[in-house]
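Some structures are shown below for you to check.
In what comes next, subunit A is part of two complexes: it sits with subunit B in the first one and with subunit C in the second one.
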Partner chain A sequence: MNAPLSPRQNVLRRLRKDRAAVIAFWILVFLLAMALFAPNFNEYTYRQQMLQEDYVNMPPRVQALKWIPLFNGRAVLKARPLSSLSDTAKYPEGCVIRTFNERTNRGITVVDAEVDYYLYKGADESVNFWFGTDTLGRDIWTRVWRGTRISLLIAFVSVLLDLLIGTAYGAVCGYYGGKRDLILMRIAEVVQAIPNVVLCTLMILLMGGGTGTMIVALACRGWTGTAGLVRAQFLRFKNREYVLAAKEMGASDARLMRRHILPNAAGPIITRTVMAVPSAVFAEAFLSYIGLGVPAPEPSLGNLLAEAQSVLGLYPTQTLFPALIISLLMIAFHLLANGLRDALDPNEY
Partner chain B sequence: MRTRFCGLLLAALLALLLAACGGKDPAQTSETETASAAQAETSSAGIPEQPKIIRVSAENCRTFDPYEANSPEEAFNEWCQARLYRSWTLIENGTDTRYMRPELAAEEPVQTDAEGCVWQIRIRDDAAFSDGTAITAESFAASMKICFDPLLKHRSGDNMGLYIAVKNARAYYTGGAVSWEEVGIKALPGNLLEITTEAPVTADLVMKAFSEYGSVPVDPELYAACMSADGTSSSYGTDVSKCRYCGPFTVKEWVRDSRLVLVKNPNYVFADEIRLDGAELVYVENAQTRVELFEAGELDVVSITAQVGEQYMDSPDYFARPWRYLLMIEINDNSAHYVKNAEDLTAPLLVRHEPDDPNNVDIYTEKDGTRTYTAKTLDNAQRTKPILSNMNFKNALWYAVDRVTLARREGGIPANFIVPYTSYCGEYSPIRFRDTEEAKRYLEKIEDSFDPVKAKAYFEQALKEEGLDRVELAITISSDSDEMKICAQFLKEEFARIFEGKLELKIEEMPSASRLAKMKAWRTDVNAFELGLANWSRAVTDASPMNQFDVFSSSYWTKCNAPYHCETVEKTIWLQETDASYKTDMKKNIAAAAAMEEAALSERIVIPLYERTMQSLVHEWVTYEFNDPLNVRYWLCDIDTSLK
Partner chain C sequence: MLRYVLKRLGLMVLTLFVIMTLCFFVIRLMPGSPFDDPENSPALQALLEEKHHLNEPVPVQYYYFWRDIAADGYWGVSLKIEPNVPVWQVLRDRIPVTLSLNLMSLLIAIPFGILAGAASARFRKRLPDHLIGILTVLFISVPSFVFASGLQYLLGYRGPFAIIYNSTGTPGEKLFSLLLPVLALSFWPVATICRYLRGELLENMNADYMLLARAKGLSEAQSISRHAFRNSMVPLVNVIVPLITGTLTGSLVVEKIFSVPGVGGIMTQALAARDYWLVMAVLVFYSLISLGTVLLMDLLYGVIDPRIRLAGKREVTG
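After this line comes the complex of A and B, so read on.
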């Protein structure tokens, strides 16, 4: 006969059975690890500009993955006079891979030319930008992973603040009830009614742009949802027999809340917290995208998308990588949260 | 069942999406197509002739009021309004020469006194608005009264004084004790307009002055009907029906923030020279979208950014020209404060802080050079960043900018000068001010203007003088401008590198209007801003190099972004207001411009970065027979419909 499982073991066992949640978990581990370490994988820093070298808007190139079109370092130059392509001063030997779309314009034969952009810019084989460079010649690989780190930092810290403030606030409201609950919850509703963008704009005006401001701005309103949820859980559990028994035995209010009610409310709170992380990532990205986020040159996923969108048609890879990472983050967090919700649901036992 | 339902729902959504993406917006195209159809003619061969309609990307039109025109880039006035004279292009033997052509005027101005202060201009008998309302000398004089109205304070009223000082016009415009009857603009019998100037001028200068937007006639009755009760604003030009047009085209439709549909004006005085049937001036904010519309053949001419230019620069469709705007760093050095209409002093006045003065008082310098001492208005001691006034600090900034790299990034011309390449030595002259010996004499080689070692030495000296270890400065930029963002980020990194982390630039992004308001608050707040990026140019002037300095003098004080102060500039600009020889004698003009530029640069009143270029893509079917470097006038173009 198997030994009985502790609640934690039971949750983990059930979570492991959810294949989507497990995959999401490992994706998140991978993204977190990359956010922590990947910016140091090459010699470039996130703010180093290579304008003097004219390594601007370089396409991605990875020597080992050159067989994949995305990473072969090639680009298409539009409407180049056919005759000029033989000018080796401008187009070094071998840089023109192929020409296509030949037409006549003002009596001149012009073509679109696919070129080895690195050769075209005079960069040798040792120069490789894995995700390409941006309009200031900054390495996108470094910036994307650092941006991921910043976005996740903002999301995690703001959600942690949400959790701390919301839990304490909701616990007081739910446990004590009465007028205290009435007044405190109305205040929370007023805060909740303020649109996020307005609140963030005000915070930025007050404190100036920056990571700290973003965290405070997101936490300022985010805690209200947690408070509502915790209050509901406390209302549900505060009159249970085991709580009353502990109370009769002289347990203080703080102990009752901390040791007897909160652990039973942990499931929904954990699920909500995990769900709140992608929301915070998205909110940060949105605010940065509209110019209210982390100031330049510090990257964040929203900043990177905002910068890239103005050249989307010309250099789509600048949008592709941050967009891909933000999508992965969102999907992975949601899948993991779904898995946790099912695993923590006592009705499923 | 559920899966099938989801599948059907997905298919329906996809179909809806595809339907939304495909085809043209009927609301967007119907008007043009209707106009096109109406204008389409049938050739003798029986084949319907395509109407010649050009579609150009343009700046957003704010108002049709010609007196509120901000710059020539607000293309509406070029297309739809006529002036007394207009710069035209004469094509002879394949070369093009600019010349001033009477437009609403019947002929060149006629001098009627011995000194050259009184001039008569005859208005064409057939001058009329598109609705047939005649434009006469009387209505023109009434228009001028509106242009110079002291309550309306039109921008054009200020610009009209650039070439000639019309008698009492400035006093009237600035709210002095002068009635309109005393201003030197009168309507005389015989459809004659008489202009009296403060000082002798030439016919060329009179024509140049009356080729500005200020000489576009408005309908005085309509203008009066659109005035606010207090007479300080007017809704003239805020709607298609609230404006009259006398230029090559009239406005058929205006979709705010989107486009203007124009049709040829049959009443235009040179209507037979206009080859287009109509035009669409389309406002598309996103540069990439403009290029996509160009590639799809939906736009014939588009302005592009440097990043797009990089991709197209070898294309026969690509054109670039200097664009009169210099991007520069402005410094709030508190070197000058301007006051206007101070009760006990005549305007305009210059107020300077003299740091060496033991009483630390302000010194008011009057036009004639006399000085009046009075109590200070702004306290220098309240400044939080006094290093901004330090000359060594300014020198450090000057030598720390790699202008060549920055200009290459933006497709501009590296600038260690103030007068742009678009400034010519006279209306008819092919010589640019920048190419004259006078202008070359004092300029160092552009490569020498970037010297990190020198910059570091100056910076260390400045820190020592100010008793600082490091300094953090905010640079205010417009969040609407990608160019400024790129530039500010480049400067931030360069300064951190060159000054080894001792100068930290904090980039303050804000909408354009907020940026301007913040910077212009220097008059009342010594710490209003620290550094700023700005495009600065005397936009309407290209034929008088010294006029480029007008914006750096107290005569332009209401619009100055920063407290520029250079004694040489100040004195020369005041002198030319009363001495017309600065304008008539181009040698004197060039020498004065060179002297002002040399002084302004040596005092580092601004740190110029680069001269911007206007980059465009033009389809091959847009044909024009001239290559005016100042202004490609697409309204004079033709469309070769066989190539479309």
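After this line comes the complex of A and C, so read on.
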């Protein structure tokens, strides 16, 4: 016979059966590890501009993945005079891979040339920008992962704040009830009615952009939802027999709340918290995008996307990598949250 | 009912008051003056500050602020973007653009979302449900601005569609150039409606009356469309508020990406230029839309469900 399972083991067992949630979990572990360590994988820093070497808008190149067109370090130079291509001072030996689209423009024969961009810029095999460089000659690999780190930091800390404030607030409202509850909930309702964009904008205008400000700005409305949830659970459980029994035996208010009532609210709170992380990632990216986020040169996923957007037509890879990472992050968090919700509340279909 | 309406209305006015007060003090308490400009002589600066009452104590300014709005409907003028043009006049041409962009994406999203949700519930745990499920997660998770960039590159730069908003063309060309932003904004609402409707439908399909519907000889499709579907539509009101505010938020950035001359673009500019009263007007606009939607939905709820009306409030969700 199997030993009986604790509730936690039960939830974990159900969660492990959800293939999507398990994959999402490992994707998140991978992204988190990359965010922590990947910025140090190469010698470039997030703010170092390689302008002397003119390494601006370099295409991505990874030696081991050269067979993939995305990572072969080649680029197309448009409308170059055909005669100039043999000038080795400008086009080093062997850098022109192929020419196409030959046409005559005002009597001069011009072609589009696919070149080995690294050779073209005079960089040897040892120079590799895995994700390329941006318009200021900064290494995108380092910036993307550092940006991921900052976005995640903002999201995690703001959600943690939201959780702490919301739980305490909701617990007080639900446990004591009465006039205190009425007034506190009215305040929460007013805060909740202010649109997120408006509240965040005001907070950031007031305190100036920065990582700390972003955290506070994102947390200052999120807690109302948690508070409502915790309050509802407290109202439901505070008059249960076991709570009354503990009270009769002299347990203090704080102990009753912490030990006897709060654990009942754990399930919905966990689900909500995990759901709140992708929302915070989105909100951060969104605010950075409209110029309210972390100030330059510090990267964040939103900053990177906003910077890359202006050269999207010319250098799409600069948008591709941050876009992929933010999408992957959001998808993984959603899947994990869905899995957790189902595992914690098996009654829902 | 009247009491309920008044209560909701009162809360809305209170919230708006709080927002505007917050706006005012945030703007006023920021260091520096909007007229700090080396080109302005001290005398000119003093004159400008006097004109805008900036030389007086903040509480007095706060009084003037409300008096101007109440007496003359004067919300201030744009300071930097379009100097000396009243803020609402700056926004007058832009609000319809933003609203039509958002309404179009919602109008496209609603039928597709309902179709997808119904199909998903009908073919539960079979291939269509799984496919729709994957797409739903994708569309809910991936931010609208990522979709916007992707569409702009793949269909705009690499395809036949307009890359940015065509503000000088014929109405047809304008509409055509709005296609990509509308599309980018509609993915999220489609998925949200679909997921919500699927859940509701599945719940209703297990209800007793569905058994009766099938017992009296209705086909599966008939019983779903006539019974389960109708009952599932009522709670759909729940998602409308987040849908509208969410799309509006997304359109801030999507407008910027496609250079759509809407409120989003002006907000970004006004924030960058610290054009305070314009920022305030934009924020009030967003608040009004959001509060108005919430109020409308509360009232609708009151009409739909008399229990809410009598109790005077509903549990705040989401």
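Points to keep in mind about this one:
Keep this in mind: the second predicted complex is superposed on the first by the 345 of 349 C-alpha atoms of A that agree within 3 Å, B and C clash if a C-alpha of one lies under 4 Å from a C-alpha of the other, contacts with A are read in each partner's own complex, and residues count from 1 in each chain.
Following the convention adopted for this analysis, contacts are C-beta pairs under 8 Å (C-beta built on N, C-alpha and C of every residue); 3 or more make two chains touch, one makes a residue touch a chain.
Small disclaimer: the values here were computed from a predicted structure and weren't measured.
When the shared chain is aligned, no partner comes close enough to touch A:156: not subunit B, not subunit C. Between subunit B and subunit C, C touches the greater number of residues of subunit A. Once the two complexes are laid over each other on the shared chain, residue contacts for A:78 go to subunit B alone; subunit C is not touched. Using the contact criterion defined above for the overlaid structures, shared-chain residue A:193 touches subunit C, although it does not reach subunit B. Looking at the shared chain after the overlay, A:334 reaches subunit C, while subunit B stays out of its contact range. Once the two complexes are laid over each other on the shared chain, residue contacts for A:326 go to subunit C alone; subunit B is not touched. In the superposition on chain A, A:176 makes contact with neither subunit B nor subunit C. By the touch criterion defined above, A:313 reaches both subunit B and subunit C.
Contacts of A:108 after superposition on the shared chain: subunit B is touched, whereas subunit C is not. In the superposition on chain A, contact of A:289 is made with subunit C only, not with subunit B.
Taken together, the two structures place residues 291, 312-313 of subunit A in contact with subunit B in one case and with subunit C in the other.
Considering their complex, residues 11-12, 14-15, 18-19, 22-23, 26-27, 29-30, 137-138, 140-143, 145-146, 149-150, 152-153, 157, 163, 202-203, 245, 249-250, 252-253, 256-257, 264, 267-268, 271-272, 279, 283, 286-287, 290-291, 294, 315-316, 318 of subunit C touch subunit A. Taken together, the subunit A residues at the contact with subunit B in this complex read 47-49, 51-52, 54, 56-57, 77-81, 84, 105-106, 108, 110, 135-136, 291, 295-297, 310-314. Those residues of subunit B that touch subunit A in the complex are listed here as 286-288, 291-292, 307-308, 310-312, 314-318, 402, 405-406, 408-409, 479, 482, 485-486, 488-490, 492-493, 506-507, 509, 620. Put simply, subunit A touches subunit C in their complex at residues 189-190, 192-198, 201-202, 205-206, 225, 228, 232, 278, 282, 285-286, 289-292, 305, 309, 312-313, 316, 319, 323, 326-327, 330-331, 333-335, 338, 349.
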